[in-house]
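I've put the structures underneath this note.
Here come two complexes built around subunit A, the first alongside subunit B, the second alongside subunit C.
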Partner chain A sequence: MATLQGSTLEAIKNNQDQLLDQWINSLESNGATRNLKEHELRQQTSGFLQLLANGLQQADDATGNAEEVRRFLEKLSASRAQLGHDSHQTAYFIFALKGPLFSLLQRVYADQPALLAEQLLVVSELLDSLGMHTVRAYQITREAVIRRQQEELLELSTPVVKLWDGVLALPLIGTLDSQRSQTVMESLLQRIVDTGAEIAIIDITGVPTVDTLVAQHLLKTVTAIRLMGADCIISGVRPQIAQTIVHLGLDLSSITTKANLADALKLAIKRLDVGDSARG
Partner chain B sequence: MERIPILQMGEFLLVTIQVDMHDQLALNLQEDLTDRISRTSARGVLIDISALDMVDSFIGRMIASISGLSRIMDAETMVVGMQPAVAITLVELGLTLPGVSTALNVERGMQVLRKRVAGR
Partner chain C sequence: MNVNVNQSGSLAVRVEQDVVLARQQARKIASEQGMRLVDLTKLVTAVSELARNTVVYGGGGDMDWQVIEQSGRIGLRMLFRDEGPGIADTRLALTDGWTSGSGLGLGLTGARRLVDEFDLDTAPGQGTRITITRWI
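This part shows the complex of A and B:
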C-alpha cells in the first residue's frame, strides 16, 4: 500500500499559513462558517492542521489513525451540532481542505506524476476517512441532543396540579401517544398516592384530536385510577371532539365527562362534600 | 404451611398482604377468608394490598374472586392501597376488576365500609 512520503509532510508543514488562508477562504465561500467567529475558526483550522501534521508523523500507517486528531474532530463536530450547523456544513470543514492541499501537492510533485497520483490518493483517503468520522461524531451528538429534548418534553408535558383539597388536575396539551400517555398515567397515579387525593380531573382541552388510541389510553388511565380507589373526571371535551367520539363509536359511558374544567371542579367538590357529610 | 393472617376488628375482617403472593398462598387465603366470614358472620372485609408491588393475571383474578365470593357471603369487600404499578399492570392485562370496590388507604376504606354497612 502506498504511504505518505516524508516530503509531503514537509510540504504541509512549510506551507501551513498558505494552506490555512486558502482553506478558510474556501470555507467562507461555502457558508460553512455561519455563527462562527473569525478567530475561533482560525484557531480551529490551525489547530487541526497542526494535529494532522503531527499525527501523520507519528502514525506508522498512511491512514493516520492518530487518536488525537479524532478526538479533536469529535469535539469540533459536537460544538458544530450545538451551534445548529447541519451535517453538510460540518463535514465540509474537512472536505474544504482537499482543494488547497491538492494544489500544494501538485506544485511539490510537479515533475513526478506517478508519485503525485499516489500521494493524492493517500491524502484523499485520509481526508475522506476523517470526514466520515466527523459526520459520525456529529450524528451522535445530534442524537443525544434529540433524546434529551424528548425527555425534557415528556417531563414538561405532565404537570399534575392540586386544584382543591383532595382534587388533582392534569391539563393535557398536545397529541397523546402511547409513550406520553404512559408517563401521564404514571405521574398522575403517583401523585394520587402521594397526596391521597380522592378525585382526579383530566382536562383534554389542549388535545387537538381524539382517536381510538387516545380514547383507549384515557380509558386505561381512568380504570387504573379507579383500581387505586380514587375517582376520575374527564373535562374539556370540545364539540368537535364529542362528535368524533360519537362518530367513531367509542364507548366512554363508564367515564364521567364534563364540558369544561369549572364544571368538573364543581362536581368534584360536590362529591367530596357528599362523602364528608355521609362520614361525619 | 404459609398463611396470610386475617385480623378481626369488630364486625370487619382485615387482611393485609405483606408478602409476595404466590398461587398457593392466594388459594389458601381464599379458603381461610370464606371460613372466617362464615364463622364470625363479618359484615365487611378489607383487603390491604399496599405492600404488594407485583401482580400477575392469576393474582389479579384471585383478588376479583375473593371480593366476589365474600360479597356472596354478605360481607362488603374493599380492596385498598393498590400501588400505581399494580394498577397499571392490571389494566394492561385487561383485568379491570369490575364490581370490586377500591379505596386509597385502610382508613378511607374503613369509612366507606362503615357507611355501606350502616346503610343496609
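This part shows the complex of A and C:
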C-alpha cells in the first residue's frame, strides 16, 4: 500500500499560500462560492488546509487520523446546506483542491515519475473519500431539514377553530394524503369531545383536487363524527369541484354540503336554535 | 388524421408523493394551454386517480404527457404506464363501485368520465397502459 511521502507533506506546508490562492480561484470560477463572504471562504479554506496538513502529519497512513478533518467537513456541509447550495457545489469545495495540489506535486516530483504517480494516487484517494464524506454529511443535513418541515406541516395542517357556541370548524388546506387525513380526523374528533360541540364544519375551500381518495376520507370522517353524536357540514364546494364530483360518480348525498363557510355557519346556527327551542 | 406533438415530457410515479407532483404537473401544463377552470379541475382529478392507481395497483410507473394538435384543436394527452400485474377482467375493472383494493371503486370509471378519450391497454402479467386525452 502506497503511503504519503514526507516530502509531499513538506511541499503542502511550504506552499500553503499559493495552494490557497489557486484553490479559491478555482472555487470562484466554478460558482461554488455563491452567497459566501470573502473572509468566510478564506477562513474555511485555510482552516481546512491547516487541518489536512496536521492530520496527515500525525497519521501513519493517509486515511488514518482524519477525524478532525471529517468533523470540520460535516460542519461545513451543514452550513452550505442551510445557505441553499446544492450537493455539487458543496462537494466541489474539496474537489477544487485537486488541480492546485496535483500541479504542486508535479513540480516536486518532476524527476521521479514513479513516485509522482504513487503520490498522486494517494492524494487523489484521500480527497475523493473526503469529498464523499462531505456529500454524505450534506445529505444528512438536508434530510433533517425535510423531516423537520414535514413535521411542522403536519402540525400546521390541523387548526380546529371554534366558530360559535357548539360549532367547530376545520379549514382543510392542500393535499389530503393518508397520514394527514388521519391526523386531521383525530384532532377534530378529540376537539368535539373536549368542547362538546354539536356541529363540525369541514371547509375544503383550500383543497384544490377532490378525488375519490379525498372523498373516501371525508366520508369516513363524517361517519365517525355522527357516531359520536355530533353532526357534520362540508363547506367550500366550488362549482368546478361539484361538477367533477358528479362525473366521478361520487355519492355525497348523505352529507350536508354548502358552497361557502358563511352559509354552513348560518345553517349550523339555525339547527342549534331549532334544537334549543324544541327542548326549551 | 395526423397529430402534431407540440410539447412533451415524462414524470416518474413511484410513491404517493409523486401523485401530488403528477397533479401539479398536469395543472401547470393545462393552465399554460389556457384550459378553463372546470375542464382543468376534471383533468387534474383524472390524473390524480390514474397516478394513484399506478402507485397502488401497478407498483409504480411513469406518466408521459404531451400537448398535441389535431385539425386545429389543442389537447393534452397523458399516458400512465406500469409494469405491474395488469388487469385480468377489464369489464369488471370498468364497473362503478368494483375495486380489488380498499378504495371506492370509482377511480378508473370516474377518470374515464372526466376526459374526452380513454384507452385501457392491459393484460395479466403485462402491466397496464392507460392513455387519456382532454381537448381544450
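Assume the second predicted complex is superposed on the first by the 278 of 280 C-alpha atoms of A that agree within 3 Å, B and C clash if a C-alpha of one lies under 4 Å from a C-alpha of the other, contacts with A are read in each partner's own complex, and residues count from 1 in each chain.
The rule we apply is simple: a residue touches a chain if its C-beta (ideal position, glycine included) is under 8 Å from a C-beta of that chain, and two chains touch if they have at least 3 such contacts.
Keep in mind it's a predicted model, so treat the numbers as computed, not measured.
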Sharing subunit A, do subunit B and subunit C clash or fit in the superposition? fit
So after the superposition, what angle do subunit B and subunit C open up at subunit A's Cα centre, nearest 10 degrees? 70
Partner chain(s) touched by A:T183 [first = subunit B, second = subunit C, both, neither]: neither
Partner chain in contact with A:N260 - subunit B first, subunit C second, else both or neither: neither
Looking at A:G249 after the superposition, I want to know if it touches subunit B, subunit C, both of them or none. Which is it: first, second, both, neither? second
Examine A:S79 and indicate which partner it touches, taking first as subunit B and second as subunit C; both and neither are also allowed. neither
On the A-aligned overlay, A:I241 touches which partner chain: subunit B = first, subunit C = second, or both, or neither? second
Of the partners subunit B and subunit C, which touch A:V210 in the superposed model: first, second, both, neither? second
Is A:T175 touching the first partner subunit B, the second partner subunit C, both, or neither of them? second
To be precise, I mean the smallest distance between any C-alpha of subunit B and any C-alpha of subunit C in the superposed model; what is it in Å? 10
If you lay the two complexes on top of each other, which residues of subunit A touch subunit B in one and subunit C in the other? none
Show which residues of subunit A lie in contact with subunit B when the two form their complex. 185-186, 189-190, 192-193, 196, 198, 220, 223-230, 278-279
Contact residues on subunit B for subunit A in the complex? 79-84, 86-88, 90-92, 96-97, 100, 102-105, 108-109, 111, 114-115
Subunit C partner contacts - residues on subunit A that touch it in the complex: 175, 177-178, 208-213, 215-216, 239-241, 243-244, 247-250
Listed in rising order, the residues of subunit C that touch subunit A in the complex are 16-17, 20, 23, 27, 37-38, 40-42, 44-45, 48-49, 52, 96, 103-104, 106-107, 109-110, 113-114
